[in-house]
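Below are structures written as structure tokens.
Next, two complexes with chain A in common: one pairs it with chain B, the other with chain C.
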Partner chain A sequence: MSSDHPVVDEPPVLPQGDSIVAGRPFFSRPVGKIFIIWFLMTAVGVLIGIFAPHHLMPTFLSHEGTDVWRTMVLFTILAAPVAAVVYAVAAYSLIGWRHRGNQDDPPEDGPPLRGNSTVTAVWLATSSVLVLVLLAWGLTVYSAEEVSHPGTLQVDVTGQQWLWTFTYPGTGVETRSLVLPINRPVQFNVTSVDVTHGFWPAALGVQVDANPGVTTVIRATPDKLGNFTVRCSQLCGLYHSFMYAPGSVVTSAGFSRWLRSEGASTTTGQATALVKKQ
Partner chain B sequence: MAEETEAPEQPAGSGDATRRARSRPLGFAITLVIALIVFAGVGLLFHAQAYSSPAGTLVATDVGTSTVKGVALKHVTLHFNTYPDASGSVNGVPIHPGGNPAWPSYGPTNQYQVPAHALVTVTIRQYDSGGALNNAWFDKVRGTVGGTAIINGKVVTSINPNNVGHTFTVRGTPGTDPGFFVSVPLPLVPGDSQTDNGKYETIVFSFISGDKGLYAWNCEFPCGTSIASFGGPMNAYGYMSGFVHVV
Partner chain C sequence: MTTDLAPLLLEDTPIGPTAGGLYRRQNVYTGLAAGIFLGFVAWLVAHALWNSSNWGTDMVVTVTMVGWVIGFNLGVGTFNAPLRWMLGHDQTYDDELYAAGVGQGKKRYYKFCTDHKVVGTQYLVLVVVLFAIGGTLAMMMRTQLISPHSSFLSPNSYNAIVSIHGMCMIIATIIMVTGPFTNFVMPIMIGAKDMAFPRLNAMSFWVVVSAIPPLLATFVLGGVDAGWTTYAPLSVQAPPAMDAFSITMIVFVISVTVSGVNTIVTIFTMRAKGMTLGRLPIFTWASLVGAALSIYAMPALLIAFTSMITDRVVGTSFFVAGQGGTGWLWENAFWIFGHPEVYIILIPPVGAMLEVASTFARKPLFGYKVTVAGFVAISALSIMVWAHHMFTTGWAPELAGPFMVTTEIISIPTGIIFLCLIGTLWKGRIWTRLPMYFVYLFLWNFIIGGVTGIYLSDTPADEYFHGDMFVTAHFHYTLLGGAMIAATAGLCYWFPKITGKMLNERIGKTAFWMIAVGIQVTYFGMFWEGFEGMPRRVAFYDPIFQHANDMATGGAYLLMLGWIVLLYAGINSLRQGPDAPANPWHSKTLEWKVPTPVPLANFLVDPVVTSDPYGYGEPEPVGPLVMPAPDPDRELVPNLSSDNPLVRGDD
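Moving on to the complex of A and B:
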């Protein structure tokens, strides 16, 4: 039996990646194309980090909210190049190396890359620095919010299906709307009388769970006048979507007037202190 | 005799691969359409359950004009009841058609319609027993005209938080006035009484309706089952919750 082709026992040895692309311009090689994709995605990510928070996040009315905004911007910008590496490699692999319909069996995997200590070191160092920066930033912001200031206004927050109620200790004032004076630290003592809720005045930049039988403390200092909404951030039942309360940051004088209009006793406890501080 | 020319032999499997590649967009489109239909169906089901009732919507009765703080307002009335269970009927009207007969329920419907910016006077007959509130904040009458309600002919601003049967609590929903709020505690009847033994509490109160839109109401007394007694009828549409349609 004759044949035009020689019979071989071993499959032909294919040229490996480096030899295939050797001599080609950097940006025409796969790594160059991935670099371009990475660069563009990083640019898009940075732009999103700079501009998107203005549109996606509420107008913050507190120091803590401003800190949250800065954190979101910084973290997004720092995360953009890291995420872009993953997306760029994935995108190029899915599109550039996809199995096309007119091909037979998919090509076999290339040889694994091992032993590139430079890449490993750079990657570990970069990741470590980024994570440490994020950790330091986060702890700094968090610790600032944990500090209790003298003259802090106490507000007891009670969540229940499906309403928030707010009590101003020492004043006799219980309301369904959260009214706060500007530039006065506030401590929210949050609890629930039934299931777990999430106390979330988004514009103040704070959020904490309201757990039955437990009082959780969170602080904020309103620094801008305006209205906001207190929402529940934990799915808590049938009317969870309607569990919200109106809130507002008012002037010190306005807060005093509001307390009196709500029937505050100005002769005892916190009410006296509140009025004196206005 | 002409020789037949054989078609060149195709590699095995290449035709199938081509067909699969061509059919992918169609498969994707069909999957997307099915997903949208299922999603829309579930949404419509929830919408129908939440915003309507098998018993229909109770439309407020126009009784003329009344003046509140010097402002003349259209005056309408609503009459409905609270029952210890959803079985039976009142004057031939089922309390809760198709409902769980063991659960307490508002009746004959949980959907009410009132005009915008009108004086709404509500009369509720409360037939159910009760107990203590989870949150005594709801023992007070809030958001009504004068901050009062009339219970069995007596004007009150609050009731004993340990003797509450239910509450009728209305609030705005997104898109309406978030500050709108009316809450009236309904005192309990000692021992469950059904419609045939004649024991009930009569609660009358008035409020001024807000802008047009959908307002949610519910009971804030823990009259359900499970955790904190807020399961069962408290977490199912049609029993202890519903909507006020302001038109």
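Moving on to the complex of A and C:
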């Protein structure tokens, strides 16, 4: 094979050759081959979307955490075909359109395609529709998380260099570990006494900064029993790495027992209501 | 006269023996001496005046650093021309020739030199140095993270390294394309003899040089322990390193703003005849958009760090909660700069990468106008998305929705870049030389960076991932895997024009594969850490993250080694590479039509442009350039300064 002539699918005598190519079966044309690559890559992307978040992320113990997981799966599955279009064309360009032979000199010029308004319109329309789907999903989930439920357990969270303090208002309980009852909405009222910290009970799938001087709010509803770690997600100085606290989701009865063992003043009506709820 | 370059080659241009005046005595060493001297004087004065006051150390450090910056720039010659003008006389024509480096050979690279090609080359060296510093710091971090409780670094050193790695890389990536390539290549691309403001051009370089020693001085001033974002109030109470850090940033803002104005004015006023806006090479558009965005974004950073200094030095309380301030103010000001900054970094390399794609696919750029519109749309939207960095700060939860909307909409114009890229590859004749390798690597990486960005733009998902290693992996995929790889494509592409040597592609391709694999291993390791829930910026971690960290650390060593091999390829080629022809890639943009090495004023005759530079596969008469027959009476006068009357008359 002479290295002077680039190897192309079409006979070299026909410079454009589209008429010949168009008569071939779909899967032996470039478009068909790109379609096959696209299909395989999309399949891989969808499989990654289904399995990767499940295997790599911790077991979420709350509705909000499950929402994070669902979002990851959905967005990956939606992104897979789009990314696969780009990857498939790029991969095929290396297989089918690569200049082979002597690389010292440039190949002949390709066809002068300066644009294609139909392709551009389809591209823009597709990406717009996808963005609308993502936004509809994200805004719906977010607004659902913002709703305040009746019977919400209040927990005051205070960050300081380098520890977390959790207070259960009305019970007099103040601890270094976060214990939550299952299936009961909880609202964290988060503040800091020194610099900015990041309150991040990772397994609950929520996070909010602890800022000095103000109280920020985040809500979650634990729905599985288990232990987790509350970490600091905002660089807060020397021992930022060591700013974590143990956390667990327990049964309602277990939560009442725990509150009493921590010395809850069950004499106040509010505390009784707090414990009896659920 | 027709093809004789002699009058324009530096060594042979006759200039008066006293031309240049003070410039003759100045270079980087006089700059260093003057900087150290004035810094020392400033330290003496500040120490005498304020050391016993409440904010003594901070005041002393601030004043010393300001003294250093002013002294260095006085010593290197940044202020010569304006000072002369204030004293009542202007630079002569011979002075301008001297300042442009005439007759100084290699020495001009160590001086305040107004030739845009010298400035571009100086920037290139500076960028490599900054990447070397930032990369070394990154390796130190990854080494610390080899085991959960490594004692390689103390927590304070680790935090200081985290901060300076971040800001060093941000500075390097902001100037990595706008410095070397916008300065060296862009004026030639549009048929100009130099930038519109050559002295400001040289100033933008030497000012940023003077900003680097304060950045490194932070390590001996207690270390910046608040990350590159230096969130208040932690940064307000940080060691005096924070003062030096703030001076670095303020000085850097001056440099980038000056350089941005210069780029914009150059593109609007210095184009050759026939170089309409519709015929601008896409890299020129990218430089223009990036520059315009920096004019918008940089002042926010200036305001932020000025307020930071006053909080620390004179007792204001912009960011101090107990006295009515708030850290959210810092976060807003910082990210109003910080998000456009991502696109200031990204858009110019993408433009460079698209030039490479068109040249090596031997095809016109696909959808030129749509791509330009995409750049403009990205930059317009990018000024409205900053608060997605603040989804989890608790500031204005009611604005999370609107910022989610603007952030996700920005993926539409970003997608146009991919359309343009794959459209250009479509049915191309793909010439797989080294620059094209990096185009494909950009494409691979930037898809991953883009898709993972969409997860983070979704507020509920961000409430899991924010502040963890997933974010770190995401922005390294976009900034290193995307922008820096695109810039590397541009570097390999323009290397023959800038250095006059062909790059050794055999070593270059070895480096490519190490970098390509290194990026995937490193940052997939970090994605894994992020999925598992490892926070960012931690010196010690829970042993459950061990395996993911092993992967990231291993990949990081490979990646760094790859960059070192690429650097070796460059140095090896400079020493023993074959001389480059004027147009090794048979490209159609103007910079390939001028000889290599490029003569002082770039063009022997003013080019007349008749089409855009993407006429691959099109009939020859629509060539991009007609070089008119040289006019024998025309004096070959370099346009050394657009405010030089001699040059003005020539136009």
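Side notes on the structure shown:
Following the convention adopted for this analysis, the second predicted complex is superposed on the first by the 202 of 278 C-alpha atoms of A that agree within 3 Å, B and C clash if a C-alpha of one lies under 4 Å from a C-alpha of the other, contacts with A are read in each partner's own complex, and residues count from 1 in each chain.
Heads up, the rule we're going with is that contacts are C-beta pairs under 8 Å (C-beta built on N, C-alpha and C of every residue); 3 or more make two chains touch, one makes a residue touch a chain.
Source: prediction; values computed, not measured.
Touch criterion met: A:Trp162 reaches chain B, while chain C stays clear of it.
By the document's definition of touching, of the two partners only chain B reaches A:Pro246; chain C does not.
Contacts of A:Leu238 after superposition: both chain B and chain C are touched. Look at A:Pro212: by the touch rule set out above, it reaches both chain B and chain C.
In the superposition on chain A, A:Glu108 makes contact with chain C only, while chain B stays out of contact range.
Contacts of A:Val85 after superposition: chain C is touched, whereas chain B is not reached. Of the two partner chains, chain B and chain C are each touched by A:Thr229. More chain A residues lie in contact with C than with the other chain of the pair chain B and chain C.
In the superposed pair of complexes, A:Ser177 makes contact with chain B only, with no contact to chain C. Of the two partner chains placed by the overlay, only chain C lies in contact with A:Val119; chain B stays clear of it.
Put simply, chain A uses residues 103, 194-195, 212, 229, 237-239, 241-242, 244 to touch chain B in one complex and chain C in the other.
Only residues 101-104, 158, 160-163, 165, 174, 176-177, 193-195, 212, 229, 237-239, 241-242, 244-246 of chain A touch chain B when the two sit together in their complex. By the touch rule above, chain A contacts chain C in their complex via residues 6, 30, 52-53, 56-58, 64-65, 67-68, 71-72, 75-76, 79, 82-83, 85-87, 89-90, 93-94, 97-99, 103, 106-116, 119-120, 123-124, 127-128, 131, 134-135, 137-139, 141-143, 145-146, 190, 194-196, 198, 200, 202-203, 205-209, 211-214, 216-218, 229, 231-242, 244.
Against chain A, in their complex, chain B makes its touches with residues 11, 13-14, 17-18, 20-21, 134-135, 137, 142, 169, 171, 173-174, 178-179, 181, 216, 218, 220, 222, 227-228, 230, 234-237, 241.
Here chain C touches chain A in the complex through residues 155-156, 159, 162, 225-227, 231-234, 237, 321-322, 326-328, 361-370, 392-394, 397, 400-401, 404-405, 408-409, 411-412, 415-416, 418-419, 421-423, 425-433, 440, 443-444, 447, 451, 454-455, 457-461, 463-464, 466-468, 528, 531-533, 535-542, 585-586, 614-618, going by the rule given at the top.
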